[in-house]
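Structures given as C-alpha cells follow.
Across the two complexes that follow, chain A remains constant while its partner is chain B and subsequently chain C.
So, the complex of A and B:
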C-alpha cells in the first residue's frame, strides 16, 4: 500500500516537473509580452519531430541534435513574433486569435508533412531507478533533473545577467525600458528564442517519454495555461508551485478515480483560484494587465 | 463486295456471341466509403482504403453481371475525420448522389449513422465495434465486416485453454462507444470462463501519461492485461508504463501494426505480448500474395486493416451477384448466405445467437506473439460455434 502511495507521489512530482518544463517558455512569453502564444504547443511538437529525425533517424549526437532543434524552433518562433505578433502591436486579443489560427495551420501542415503514424524518440537514458518500492525510469528522472536545471538557469539569467535585467525591465514597464535605451524588439525576440528553446527541450523529452505526433502539443498547452493562471501570469515561482500541484492532483485523481476526474478536479481548482484570487498565487491580475495596456 | 461485307458482319456477330463482349461501357455500382483519412486515426483509415481499393481493382479486372448487365465497382471516398458530425455530413452527400451502399470505419462514426441509413434503406457495412447499437434486428441492412468486440468470444476461450495460468485479467479501454462495448463484452467473457476481471479501467482517449492507470493495475497484480480496443499508440505507451512501474504479467494486444508496438513500448516491455487478430508472418499463399503486393506498392509495415477491408468488398459483390439485384434489402439477404475464402480462411455472416440476426462477418483469427522484439505467428483461432457464444454471453 505504501509502495503504491509512494508511486503516486513520485508520479505526481515527475508529471508536475514535465508540465513545468513545457510551461516555462510560455510563462516567460506571456509575462514579458502579455500575449497568449497558442503556437507554443506546436513549437513543442515541431521540436519533437526535428529531434526524431535529426537524432532518431539520422543519428546525430543527442546534444548537437538538441541545439539544432532549438535553433530551428526558435527561428520559427521569431518569425511569428516579427511577422505576426509585432504587426498586431502585441494586442492580446488579436494575437490570441491569430496565434490560434496559426496553431491550427501548423498542426494541419504537420499532418500532411509527417503523416499520422506516431513516432518515438529513442531513449538516451535506459533503465529504471527504485525508491523505497516505487519505480522511476531513468528518462523520467533525467527529465526532472533537466527541468530543475532549466528553471534554476532561467531564474539566474533573469536575475543575474544584463539581458535578464532588460527582460524584467520590459516586463515591468516597456515604455520606461524604452526610454532607458533598451530595445523592445530585441528583448521580445530574445524572449521568443528563450521560450522556443525551452519548448525544444520539453518537446524532446515528451517525444522520449510519450509519442511524437502532430497532436502532441495540444494537451500540454491546456495544462500550461492552467499552470500560468493558477501560479500567476509571468511568475516562474508561481508556475513551479502550480505545476507541482497540478501534477500531484492529476496523479492522485487518475490513480484513485479516472482521467476524466483528474480533468474535472484540475479545472475546478482553476475556477476556484480565478474566483478567489484572480491574479493566481504570485502574479498579475489579467484585468489589471488589459487596463494598463489601454492606458 | 457485298459478300465480303456480309462475311465481316457475321464474323463480328460470332465474335460478340463467343466473347460476350458488350459494346456499351460497363455500368458502375458505387460504394460510398466513409473512412478516416485524416487526423489521429488516419493510419487505420488509409490502410482500410488501400485494402478496399485493391479488392475493387481485382474485381474490376473482370467486372460482374447484374440482371444481364455488366458492372464495375466504383469506390467513392469521403473523409470522416473520425468525427460523427463529418460522418453524418458525408452520409447526406452520399444520399444526395444516389449512393445506396456505404462502407464506414469505426463505431464512433458508424453508430450515429445507422438510424439514418436504416430509414433510407441503405446497406451499411461497418468495420467497427458498437455491438447491438449497430447490428440488431432493428437494423437489418447493417453489417459488421470485421469482428471487433466479438473477437473476445474466440480469443478468451483460446486463452483459457492455451494459458490456463491466467486466472485474473485487467481490462483497459477508452471512454468512448467502442471502449464501453468492448469492456462489457470482455468482462462478461472472462466471468463465464471462470476467469476474474479484477480491474476494468477506462481512460481518456488521447492521454499521454499512463503511469497513474499503470500504478493502479500493477497494485492489483493481474495475470494478464487486456488492452481491448485501446488505440494502438495508447497500448504501446500503457504497456511501457506498466513495465516501468513493475508489472510482470502478460499483455493481450490488439495493435494493427505490431512492429510499432515494439518500437514504442520498447523491446523488453513488448516481449511475450500476445497479438490478437493480427497477421504477423503470412502463413497462407493468399496472405503472402497480399503481403507482397502491399510491401511492393506501399512499403512495410503492413497495417492489418489492409487485410481486414479486402475480403468484405468481395463478399459484398458476391451478394450483389447472388441477389442479382441492386436493391439493398435483397443484397442484405443474399449477403447472409455468402461464404467466402478470405485471406483469414472461410468467412461468413453469423452471430445470430448474439445479435438476433446474422449481421457480423465471422472468420478465423490469426494470433501472434512478440519474441526477441519481433512479431511472430503463434496460432490460428477458429471462430467459435453458436453454442460456445451462447454460453459466453449469458449474464
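So, the complex of A and C:
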C-alpha cells in the first residue's frame, strides 16, 4: 500500500514539475505583457520535434541539442513578439485571437510535416532507481532534478540580477520602468526567450517520458493556464505550489477514481479556488493593475 | 443611400435569407447556411455579454446543457420539440443564474478561466454519468422536430427555415436589448464599472442579466444543433466551440452590433471555400485569423466603416459632432 502510495506521489510530482516548466514561461509572459499566449503549447511541441530530429535522428550531443532546440524555439517566440504582438500593442483580446490562429496554423502545419504517428526521443538516462518500495526510472528522476534546478535558477535570475530586476519592474508598472530607462522591447524579448527555453526543456522531457506528436502541446497548455491562475499571475512560488498540487490531484484521482472523475475534480477545484480567491494563492489583483495601465 | 441602407438593410437581408432556398437547392450549401445560423446565434449572444466587458469561455457548456435538456426530453420522454425549445433556453439560464451568482464578481482573465472550467465541468459531468447522458458516446438518434415530414436529413429546407427564424429572433432580441436602457447600462459597465457603480447602477445585477441572456440563447442554439445533427456528445461541445464564438466576435468587431453577425457569417463561409484544399484547410484558417487581427484591429466592421464606406463614416461623424455640440 505504501509502495503504491509512493508511486502515485512520484508520478504526480514528475507531472507537476513538467507542468511547472511550461507554466513558468506562460506566467512570465502573462505577467509582463498581459497577453494570453496560446502559442506556448506549440513551442513545447516544436521543441520536442527539434529534439527528436537533432538528438534522436542525427545523434548530436544531448546538451548541445537541447541548447539548439531552445534557441530555435526562442527565435520563433521572439518573432511572434516582435511581428505579431507588438503591432497589436499587446491588447488582450486581439493577441489572444491572433495567438490562437497562429497555434492552429502551426499545429496543422506540423500534422502535415510530421504525420500523426507518435515518436519517442531515445532515453538519455537508462535504468531504474528504487527507494521506499517505489520505482522511479532514472530519466524521470533526471527530469525532476533538472526542473527543480531550472526553477531555482529562474528565481535567482529574477531576484538577484539586474535583468531580473528590470523584468520585475516592467511587470509592476511598464510606464514607470520606461521612465527609468528600461528598454521595454528588450525586456519583452528576454521574457519570451526565457519562457521558450523553459518550454523547450519541458518539451524534451515530455518527449522522452511520453510521446512526440503534433497534439502534445494543447493538453498541457490548458493545465498550465489553470496553474498560473490558481497560483497567481506572475508568481513563481504560486506556479510551483499550484503545479505540484495539480499534478498530485491528477495522479491521485486517476488512480483512485476513473479518468472522468479526475477531470471533474480538477475543474471543480479550479472553479472553487477562483471563486473564493480570484487572484490566486500568491497573486496580486490583476484587474486593478490593468485598469490603472489603461488610464 | 445611407438612409436607405439603414432603413431597409436588415429587412432586405431577412427577405433574402427566406427566399434563398429557391435559388440554392444543394444540400451542402443549405448545411453551410444552417451552421452559419448556429454560429450567428452564438456570436450575437456572446456579444451582448461582451458589451458589459466580460468575455466567456463557457458558452459551449450552456449550449451543451440546452442540447442535453431537449434531447433527453424528446427522445426519452417523448415530449414535442416545440415545447422543449423554450425549456432548452430556460434551463441553461437557470444554471447560469446559479453559476453567475457566485462568479460574476470575477474580472478579466480569471473570468475566462472560471467560465472555461465551468464548460469543462459540464462536459465532465455529462461524460461521467453514463445512464441518462450516455457518457463519452453521447446521445444518438435524436428525433427531428415535428412534423417529421418537413424535417428529414435529406431535405434540409425545413431545418433551414427553422434556423433562419431562430437566428432572426435572436438578433432582434439582442438588438432590442442592446438599444434599450439596460443595453446602455451594459455599455457603461464596459467603460467604467466604478463610475457606473457611483451613479447608482447595480453592477452585479446587470452583469448577471447579461450572463443569463447569453446562456439562454446559447441553450437555444444547442437544442437546434442537437436536433439538426441528431447526435451530441462531450466531444462536440469542447473548449474549441466556446473559443470560436469569441473568435467570431473579435474578428467581426466588438464595437457594433453588426460585428458578431458579420464575423460569424464570414468565418463560417471562408473555411468552406478552402474545403477543397483538404488538409490545408485548418492551416489557411489559422493564417487568416492572424492576418485578420493584424490588419483589421477594429474587426470587419471597422474596415467597412473606415475604408469601404467613407461616406457613411463622414455622415456618422458629422451626426456625432452635431450631437456632441448642441
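By definition in this document, the second predicted complex is superposed on the first by the 290 of 295 C-alpha atoms of A that agree within 3 Å, B and C clash if a C-alpha of one lies under 4 Å from a C-alpha of the other, contacts with A are read in each partner's own complex, and residues count from 1 in each chain.
Just so we're on the same page, a contact is a pair of C-beta atoms (placed from the backbone, for glycine too) under 8 Å apart; a residue touches a chain by one contact, two chains touch by 3 or more.
Since we're looking at a predicted model, the values are computed, not measured.
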* Superposed on chain A, are chain B and chain C clashing or fitting side by side? -> fit
* First (chain B), second (chain C), both or neither touched by A:135 -> first
* Asked: Which holds for A:117: it touches chain B only (first), chain C only (second), both, or neither?
  -> first
* Asked: Looking at the overlay, what does A:210 touch: chain B (first), chain C (second), both, or neither?
  -> first
* To do: Using the touch definition from the top, say if A:4 reaches chain B (first), chain C (second), both or neither.
  => first
* Asked: Of the two partner chains, chain B (first) and chain C (second), which one does A:171 touch, if any: first, second, both, or neither?
  -> neither
* Mind working out whether A:98 is in touch with chain B, chain C, both or neither, as first, second, both or neither? => second
* Name the contact category of A:274: first (chain B only), second (chain C only), both, or neither. => second
* **chain C, chain A and chain B - angle at the middle CA centre, rounded to the nearest 10 degrees** => 70
* Touched partner set for A:260, first chain B, second chain C, both or neither -> both
* Asked: Which partner does A:42 contact after superposing on A: first (chain B), second (chain C), both, neither?
  -> neither
* Asked: Between chain B and chain C, what is the tightest CA to CA spacing in Å in the combined model?
  -> 6
* To do: For chain A, give the residues common to its interface with chain B and its interface with chain C.
  => 111, 258, 260, 263
* Asked: Which bits of chain C are touching chain A when the two form their complex?
  -> 55, 102-103, 105-110, 112-114, 116-118, 120-121, 123-125, 127-128, 135-136, 239, 243, 246-247, 250-251, 254, 279-283, 285-290, 292-294, 297
* Can you check the complex and tell me which residues of chain B touch chain A? => 38-43, 46, 175, 201-204, 206-209, 211-213, 215-216, 219, 232-233, 236-237, 244-246, 257, 260, 263-264, 266
* Asked: In their shared complex, at which residues does chain A touch chain C?
  -> 30, 36, 84, 87-88, 91-98, 100-109, 111-112, 222, 225-226, 229, 233, 258, 260-261, 263-264, 267-268, 270-271, 274-275, 278-279, 286-287, 290
* Can you list the chain A residues touching chain B in their complex? -> 4, 7-8, 11, 14-15, 18, 111, 115-118, 120, 123, 128, 135-137, 206, 209-211, 213, 215-216, 219, 250-251, 253-256, 258-260, 262-263
